[in-house]
């Protein structure tokens, strides 16, 4: 029995609310009291499809409060298209909460920059709220393709974040990449948390290195199981990382790194421990 | 009426005919919070090799219509580390585990088999001679009757534990390979491993998988797998562990009726981790509806030329 | 910018690279009310044999996850009746038709080919040496390099029209068969025919298809087909007509990037008869987005070892 | 261009209403004025699935009036399960109307027995209405597994049919098969129309033969294309039938029958011309 045995389970829920935040961006609130209670910031769930025949979809847990958790997703393929067809009252099951979330146990003060790109926003509301509740200053750097896709930014402002935005097309905020906006900020944070597309994460990691700011990245890769059972979602990690999976300490395939499972050892890693 | 779901794979008796597929289910502990593990007759472990392997570059997975492609590339810590650090833990598990062995040369298999099979924690050995994801090398064994014969014979010599040989669907005549494996001493056959496939990213203009090609699994391949079981069951007398796209009790029953003595569930665990539980419940219901007392009574029922007399003999014991 | 969608299959020039697959689309007239038929570059007709055939017993179709099994069994009126009653009608059709020939012996193919190819209504000939639904007889041709060689050579001798050879995925090494077909005189290859499969009715406890086994088609097999095209494209220099599970422009582009010069749409027409129209529109958009002037520029782009120099040569003409 | 070119086409419709007539029996009203206008009794449509990746589902056109046609379906597999997830307002496309429907051009008087089993009911409302409008007497013999599954029988009574029912479990009406109820009826109809599962159709055909009543059967088989393009849905028919497809008049495979496509030559055939 694993340590999280009491917290992680299959939840048979139903849809409480459904909002189209933008074309092809859906926010789905579901009734799942236990998930709401046990979710830690940065964890995700595997959301099962009504019809079966395809793997569940990995989605960050966006909100977790009272009896409700929510998922925010971008319709980009068959499975998210299928989820987008759900209506209020429809049944929906998921398993979770999964993964280790952001590594925030020791963060009780300071000044945190949260960098979110596109759908990455879905994994950073809970960390933002948790940090603010602890009295930490949170600046959100939020980039998207266009103004229309900068969904739900107001929620972060309401939560007490200082919100900085960028768009690829210049239709709102800074015209360019969000990592460039972060790089050009006069202020140096004490910690960076980031979630978004891989190029954005790499750029953010570079900013962290240059400015000597410890940086946590929530990585994305195609998932199958979401629980460490298939080894499909790996990222190369230094063997000395506390997150490195148990593996022979000798050279393997001529390499001194080890492939860690993003779903099980992550999804959040320290940028300086990645060897990607 | 209570129904009897026990089946035998060689000398191995399983409480239920539903196993989880190699490489798909870790050690079982990854999933145990989500279902009643008594619905898993045994966990077939991820394939282990002689040397440690980092596996393939990412992406290793692509979702496809009713299925997925994977190209993990046999990431594993190698047999030495595995024996020292992993195998001992299996003794504490309340479910049976079946070891899986992969290799790149005939004596890799024999070496790893022998060392793994010697451990009491391991209930049986499956040899994966059909992995499509290791630069063509791995697969050649199950695609060539001559190599199949050699590998199986040498693995057989190393152990008395039940020896399961996992076959590839990527051949012109799977029944012919099955016959060779049987003659070389296999106690059972796992049918089928994944089907070779590929997907292309039209924006990046290159194959989606780091390894270029991968293995297709999931409901998409079920009709291919059912036919393979049907054909192999007519060709050999040893038990078959059917797999490929099993997601519901109906699917599992298709395989049993085609001639499989047990089934493995792989990809469907990712659609719903309760699938093994649902399948066991569904098989129970089906047998009760038909007033049958044992799952063994239906094995091969839809296969007129079913050669396997094994299950029925076993029944007398 | 207007984009050029023309491609060539041997000496046959097609206005768009999207054909409809043999046996799936009748003569085209069955579907013309539902789409702009200018999106169909040619209709590949149902396979015709020397003698009339009633085809297989029903059920002939089973729906499966993201696909279907069929076992029609080559129902057709035989070449004599076909020439007298059907072929003449094709001249009136505003789209090109490609004849398809099936048989059970080498000289069946030669005989039917010769008579069919002689008719001006027929733009090209495809020989179906890979039908999985006629009691194993039909398929053996594409599963055996020696038989492939004989059939292709003798069909080749009967006509100067473009000769397309349709390959089976149910082989250990499709590239090897492709090379044989090329050497024997094929002008192009159709890759792939259906994948052998089966489904069982757990209540009736027998196979669902009248013919027991059938051919799997539809999106389920797309990854298998893309890989087959990718591998064949590295092995031969003649053009390839890709097929197997193509439903969207993205899918069609996967095949073109893998090395196909054109694609066939079969099963997806039953999900939505406007699929060919949507695919042509989608390919146009893709090319425009990439600022390319011709679809021929992308053929084989995702295939590093692409052998086919044909398309580019043809381009100069 | 075929004769029906103006009538058959792809319809892009939306769901007007959705009723669960019984558990797993759904009635879906859709907005499709042209289909409503051109549908003949006994015709069907191929209803496309929202997600693609599977063939369209053959469904009888249940009602056709004004701007609305409806489909009634039993949830029995993946595709009907998917259709059952549609809600009011959702888009839905179908192609049709297809097939030749019942052969009613010459029926202007008399006394017609309509036999429907299970989901067969979905194909016989329009013929019942058409015949009643012509002054023909219509007796409906309607059988189902249980009372609960005898859906919408009242609609037929309201339309002016004399309704006789049976259930397999005896929970409503005659206890037994509907064809047995027909066989035991004192009254002999002038024409029988039937739609339902194959065993019921065979039994109904036998009643027709015994009583010398011309009998039309609307057949079912798994469809792929629905338009005669794939030859997947055949039934053996005597070569002399007016509905026999063009085929060599010589012996074929040692047989004097010809396989007609249910979707294209049917779905309705004269029972005495079938060789099944």
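Labels for the chains are A, B, C and D, by order of writing; each one numbers its residues from 1.
Criterion: contacts are C-beta pairs under 8 Å (C-beta built on N, C-alpha and C of every residue); 3 or more make two chains touch, one makes a residue touch a chain.
It should be emphasised that the depicted structure is a prediction, and the values quoted were computed from it without experimental measurement.
With each centre defined as the average position of its C-alpha atoms, the distance from chain A to chain C rounds to 45 Å. For this pair, chain A with chain B, the centres built from the Cα atoms lie 34 Å apart.
Centre-to-centre spacing of chain B and chain C amounts to 34 Å, using the average Cα coordinate of each chain. The residues of chain A that reach two or more other chains are 53, 78, listed in rising order. Listed for chain B are residues 62, 65-66, 218-219, each touching two or more other chains. Shown here, the protein chains touch around one cycle, each chain meeting exactly two partners. Two chains count as a pair here when they touch; such pairs are A-B, A-D, B-C, C-D. Those residues of chain B that touch chain C in the shared complex are 62, 64-67, 69, 143, 170-172, 195-202, 205-207, 213-214, 216, 218-224, 226-227, 230, 245, 250, 253-254, 257-258, 286, 298, 301-302. Of all the residues in chain C, the ones that touch chain D in their complex are 23-26, 29-35, 46, 51-55, 58-63, 65-68, 70, 72, 75, 77-78, 80-81, 85, 218-219, 247-248, 267-274. Taken in their complex, chain A has these residues touching chain B: 1-2, 4-5, 8-10, 46, 48-49, 52-56, 77-79, 93, 95, 221-235, 246-248, 250, 252-253, 255, 257-259, 264. Here chain A touches chain D in the complex through residues 50-51, 53, 78, 81-82, 85, 87, 90, going by the rule given at the top.
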